[in-house]
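Which chain is which? They are A, B, C and D, in the order written, and residues in each are numbered from 1.
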Amino acid sequence: MIGSINILDILKPELICAIVRVTPTHYLYVAGIVFCIGLMGVMIRRNAIAILMSIELMLNAVNIVLIAGGRAYGPKTYDASSFVIFIIAVAAAEAIVGLALILAAYRHMKDINIDDMSIMKW
Amino acid sequence: MNPVLPVLIFALPVLSFGITVLIGRYFPLKGASVGILGLVVSFILSCVVFYQLQVDPTRTIDLSVTWLDFGEYTIDLGILIDRFAAVMLVVVTLVSLCVHIYSLGYMKGDRRFTTYYAYLSLFTMSMLGIVISNNLFQLFVFWELVGVSSYLLIGFWFERKPAAMAGMKAFVVCRIGDFGFLIGILSLFVATGTFSFGALFGLSQAGAISSAVLVVGALGIFFGAVGKSAQLPLYVWLPDAMEGPTPVSALIHAATMVAAGVYLVARTLPIFSTVPQIMEVVAWVGGLTALFSATIAVAQVDIKRILAYSTISQLGYMMLACGVGAGASAIFHLSTHAFFKALLFLGAGSVIHSLHTNDIREMGGLFSNMKTTATVFIIGALSLAGFPPFSGFFSKDEIMVSVLESGHVWLYWIVVFTAFLTAFYIFRLIFIAFFGEQSERSKHAEESPKVMTVPMVVLAVLSVVAGWIAIPGVGPGFAEIGGFELHHLHINWSAMGTSFLVVLMGIGVAWAIYSRRFVESRSIYNTFKPISKLLENKWYVDEIYNFFIVQPVIFFSRLLFAFDMVIVDGAVNLAGWLGVRLSKFEGEFDLAVVDGAVNGTAWTARTFGRAVRRIQTGLIQEYVIVASVAILALIIIGYYLM
Amino acid sequence: MVDIDFSLLLPELILIGGAFFIIALDLIFRRRVTWLLLPVSVLIVAFAMYVAIDLAGTVASTVMNTFVVDTFSIVMKVIIMLATIFILMLTDGYKPLGNAHQGEFVGLILLASSAMCFMVSAGDMVMLYVAIEFTSIISYILVGYLRRNPLSIEAGIKYFLFGAVSSAIMLFGMSLLYVLTATTNLGGIVEGIMHGAVNPKIVLVSVSLFMVGLAFKMGAVPMHLWVPDVYQGAPTPITAYISVASKTAGVAAFLRIAFWFAPMLDVASGEWVNILSFVSMASMVLGTVIGILQNNLKRLLAYSAISHIGFIIIGVIVGQEVGMIAVVYYMVAYLFMTMGAFAIVIMVADATGGYELNDYVMLSKRKPSLALLMTIFLISLAGIPPTVGFFAKFYVFAAAIKQGYIMLAIVGVLASVVGLFMYARVLKAMYLDKNDEIMKKPFGAIPPPSWAVVGLCLLGTLIFGVYPKPIVEIARYCCNLFGG
Amino acid sequence: MNIPHLLSIIVFTPVVGIIVLLFVDGKKHKFIRWFSAIITLIVLILSFFVFKQFNFSESGVQLVEKGMWIPQFNIKYFLGVDGLSLPLFFLTALLSFLACVGSFGIKERVKEYFILYLLLVTGMLGVFVALDMVIFYIFWEVVLVPMYFLIGIWGGPKREYAAIKFFLYTLFGSVVMLLGILALYFTSNPHTFDMMEIIAQRATFTRNFQIIVWLAMFIGFAIKVPIFPFHTWLPDAHVEAPTPISVLLAGILLKMGGYGFLRLSFPMLPEASKYFATFFAILGFINIVYGALVAMAQKDLKKLIAYSSVSHMGYVLLGFASMTQMGYIGGVLQMFNHGIITGALFLLVGVIYDRAHTRDIYAFGGLGKTMPVYFGIMTFSCFASLGLPGLAGFVSEFLCLIGAFSVFKVIVIASASGMIITAAYFLWTLQRMFMGSENERWKDLPDMSGRELFTLIPLMILMLLIGVYPKIIVQVMKPTLNYLVGLMY
């Protein structure tokens, strides 16, 4: 017990919402952070599949933004949600093709370390 | 007198030049006949013209036809025949005729006999062109044509290196004179808008032309004359021109071409007279040239070199006469000099023809086996020295008188001393070459053929008779004949006396040293060692010119060429060279660079390209990094800076 | 049910239908039908082109104005279809492909072409995104098609990863725009931002992010890094296809959006113009400067493509009628000269088996006809008079100077001079270099259809080079853009 | 009878020749050579017709052919010839024919050679008759490409370097000129490329605009003339180019620069031209004296003649800078004469090069005896070149000097010194090559062949004819040049 307030009381979900009004901008920040994480993932990870995963992360970050925006503009608007559905579908297609290419690369190089795929340069 | 006559005189040599050049070989005497025939007709016609003008001086011809017109200005060609021109016509055609005949013998058996005669006709044509032209432009055209024909004739035996060099030297030095002449013509034309003598004289006499233009014009014309008549600064080409065949030297470098300069100054005297200080310059240049070349002639051993320097000295006399305004006496001396100097050269030619050497020390006692040549040569010498009653005496005396009366006392004494030197060096030649013991060469020398001796005899007669015109009783005096304004005809006995005395002293001294051997010439040579050495080497003038002008110009042109290669062209080559150096230095990074020097622009593009290419590492992740950094940068710049 | 005016969609539908028909044909009849594939596919594309040309003149939109049709889109579709026809002819004899599932390859090309047509007519962000992804995915497959060739695989992966990242960034831009204006329709966005009090800087950032995807498709500078590797790795017909068709689609979409967004981005303040001119100058200079160093023909043409994009963007920057004329004429010129050059690269590769510069040594001796044709295409690429390339650059420079973008013109001139040196190296190899033992290598046979392609491209390069009037007339009609 | 569209026929006859040659088999050298010679002969004969149809008293442009080519940018297909371009046009036709006959010595890749040669002829003919700036620019470029290949493939040892250098120099010049042309296009108020209209609108251009455009044009033309700092490509290009090509290069290409000044820069930008007149005259002086001095230091005969061309073109600059009637006539006449004389000189160099395969002056000596005819013609041409009166060179140099003297007294006096240096280096060359004792190394050199004489005789006749009676050419150009001088004030 710290002073007169019990920490457990504070952690009640409806209290938290009461203290901090969650506005769409918060979602934008979250989405921005997730997007950056995805981008960093693409730049840093050596494993091709990990890169694929980070690309999916970036796309989902965009979905968050869209949903937040759509939600903020009231229930009637369906643009955002239809856009999100398209994105999800396309992301799936992309993932398949990416995996197929990585598989083909694996068959040749016996490993999918992205740095080995640099035969062509200058 | 209808104008066709003088045009015909001029046209005949042109015709003979054309014929000889193209089809000369098929004519008798291998083309010589064409030239000689043409000249005979020209000579007769010029005598007719001369006679007609003497009878009725008013029948001068001055007509011209437009050659190129530019609205307000026109350049036209025309002829001006007056008594002055008539005299020159006669002199030129006569001497040229004698040389043509003489060359038949001298040049017999030469490989390029026809071309020789073609060149002779070319020369006669251009000389006549100078004499009859009535404007400065036309005169300049023939002036340079004369220069070309002298180049061709001097360098006739071009197999011999010195002959080729002499030809080129003659043309370039004359060209320097022509450069001055051109500037003179340009300034006169731009100021007055016309070239013709008549208009120019009228304007200059009336004072319509500004003095600056007149000075430049007169100086320019005089500069041209100096170049052609081998006066002091530009005389160096004449002695070397002796490399050409002797008849050529006789015709061109004694009688006619070199006289063209004097003719020009005499013809344009009205312009000169309006600018007194230029007259002074002309006078002094003439006087000094006479003295200077006479001193050199004294110490020469080549027979033709002596005569060449003597010509320069006599030309100095004529230029001096023009300088003091005595045009008549200048032309009178020009005519007489033409005869006796041509005679001397032809004589020298026949001596060389039989002895095959120019060096007078190898000659000796030629009088015995070359009778006619020797006598004729002596007559010429006497006339040159100015020994009465020969023509030289009268013309030279008139010049001395006019110099004295015009008040140039210093010049008078210079001229008198030169007369002494002239007499000395010509008789030194006579005594060494024709008298004294025979050298082994002159033992088996035999007289030249008739075809060579006849012209010499003709010239000998003329060089005796020509002077008598000036004797009051016998002839009307040259001023009258030449159509110059009449000034009182009187005889200045004291001047005549001094000149005769000086001539006698000259002959005496020469006789003493070389004939009687009272004093050994060798000992005189040693006592005045430095001076005689100096004179022998022609005051080292050639060496000085070579050192101060020719070499620097060649050096400067090489310098400019290097400058052109390195600096101006360098921007491209240097960069290219640098590029090649850099690429070799870089080693394995460098793919096949364009072989050879790489062009500057390509090089800069290449190095920039090689730097930028670094980002193309082939690693996909680096692509993504670079791309996102670039986008970020763009947005930030867009967001904040703009 | 939303009313869809199918007549506008007809060309794309024909292509998609044709693609499935061919794939089915290949499945059912296997080997027996491979000779039939080329004529059928060319017929399908020709029919689609006829229908598209028939639509010319109409300015309309359908499917809730997500799909826009106007003369500009028609012209661009015709260019894309022409490119497709050329590519189909080139792939017919392409040896490395062998005849393993030839039908699938042709089918995929037809699908890709329909996707590009969608991209050209996209009036809505969603439609644009889907079209771009549709083309990209098919291109990834086509690039990585030669499973046994490591270069092709690597190119495929690189193209895929770079494409995916750039599409993600584009999406992020799109989502920001959606958040700002609550609509995904381009027209709606422009009204939303014009009327709403939106901070112009935010608009600029989101639009720039949005343009990243298009920049990737066009291969403009910051997003050009994939171009050299993918061009070198991919099978050459596909390289040609990407370099011409997908780049044309990218430029078309980029131009439409740039012209559409122009009022919104208050061009006067200049940020938008500065960013674009940086991109254009960078592309021009980078393309030519690195291009000089290349010895592989495909990489050389890749860098030449990058430099050409720089010139095209000048046309877009200039805007107005004169900019439009410049861009449309440039795309037509670009189609003929680049396709011609790639056709010859393929023919030489078939005959000598190499893409390196020293396979071209003494080409003028071994195959003078090819050398002469290559010279004409290279001269056109370099922009030397009697060819279409010259007028393309001429119009672009004239437009730039007319609107006062002197800096762009000067950099353009310098880049084209350096570019000239890039193409001159190939000429030098063909004509000036001497190498005796190369003469002994036999010069193989060349499949006839590629001669047809080269012939058509030659005609296009020279005729429009000498008499540019018809193209300029058509370009003038393109000016009334739908959103415009 | 006058032939309609005569100019287009002449300009495009070589193109017809090219098309025919494309189908001829490369082996049949003899046919190709004779065919090209006939084509260039036809061009020459047709150019005589142009003389016939040209009325000498009228100063404006004649035999005009005008048609709209690209309406958007108001580019017209506009050909025409006047007093200024007719002599140069005739010179091009003449030299192309003679150089074509001179090219019979080319042995390898004959077909490509003559195709490129005919293309070059078209370009050159076109430049002199084009009166629309875009057409003018296109023909200007069309000349560039074949010249690059002709030097690059059939040239001497360092041909690639010389070819690339020539190409880049001239291209840079022409690109800068293009910017000038475009600037003129955009400032003329009904935007036009038509030279005549822009000349009519010359008053509307502001002074410093004129200066900028004049400088841009100046760089383009200066490289071509060539004027002092931009001349370094000329010696390399000449040394490496095959002889007939350097005949054309010196004979005609240099004139395109001078022609450009008088057709474009001077009439269109009068204030700027007057502003730069002294600068132009000084450059003329430098060209004359610098060219002459550097020529004196040359060892290679072709380089010597190249630098002598630089020197002779200096007179043209002097003539133009004076902006007087005599100066203009002198300048254009000098361009015509220089074309003939230097064309002859290069043909002569070709004669000796084909026999001795070296151009080093010091390697010869005593040729006068072995090749007398060659010696005679060489002396004749050298004297024509150093400006001997009675031959072509003198008339034009004299007119240039007179024209310029009224305006630039000191510069003309300095430039006139050039005639001394010119005389010196030409005679020195003659002396080193021909005089002196016979050189046994060249003892058995055959004298000039019939074909070589055939190419030289017409040029020598022209040199003499213009030297003695220049009225035939001067009357052609006088009215137009009067008009052009009038434009300046």
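A few comments on the model shown:
Here is the rule we go by: a contact is a pair of C-beta atoms (placed from the backbone, for glycine too) under 8 Å apart; a residue touches a chain by one contact, two chains touch by 3 or more.
None of the values given here were measured: they were computed from a predicted structure.
The greater number of contacting C-beta pairs, out of the two interfaces A-C and C-D, is seen for A-C.
Closest chain to the protein centre (all Cα atoms averaged), using per-chain Cα means: D. Inter-chain spacing, taken between the CA centroids of chain A and chain C, is 32 Å.
If you average the Cα atoms of chain C and of chain D, the two centres end up 45 Å apart.
The distance from the centre of chain B to the centre of chain D, each centre being the mean of the chain's C-alpha atoms, comes to 36 Å. One simple way to say how far apart two chains are is to compare their mean CA positions; for chain A and chain B this gives 102 Å. Residue positions 160, 164, 168 of chain D are each in touch with at least two other chains.
Counting partners per residue, chain C has 157-158, 161, 165, 169, 228-229, 293, 417, 428 as the residues that reach two or more other chains. Each of residues 39, 42, 51, 117-122 in chain A touches at least two other chains. Residues of chain D that touch chain C in their complex: 70-73, 138, 141-142, 145, 149, 152-153, 160, 164, 168, 171-172, 175, 179, 182-183, 186.
Of all residues in chain A, those touching chain B in their complex are 39, 42-44, 51, 114-115, 117-122. Within the complex, the chain A residues that touch chain C are 24, 28, 31, 35, 38-39, 42, 48, 51, 55, 58-59, 61-62, 65-66, 68-69, 72-73, 77, 79-80, 82-83, 86-87, 90, 93-94, 97-98, 100-102, 104-105, 107-109, 117-122.
The touching residues of chain C, when paired with chain B in their complex, are 157-158, 161-162, 165-166, 169, 201, 204-205, 208-209, 212, 221-223, 225-226, 228-229, 269-272, 274-275, 278-279, 286, 288-293, 295, 357, 417-418, 421, 425, 428. Interface of chain B with chain A (complex): residues 613, 616-621, 624-625, 628.
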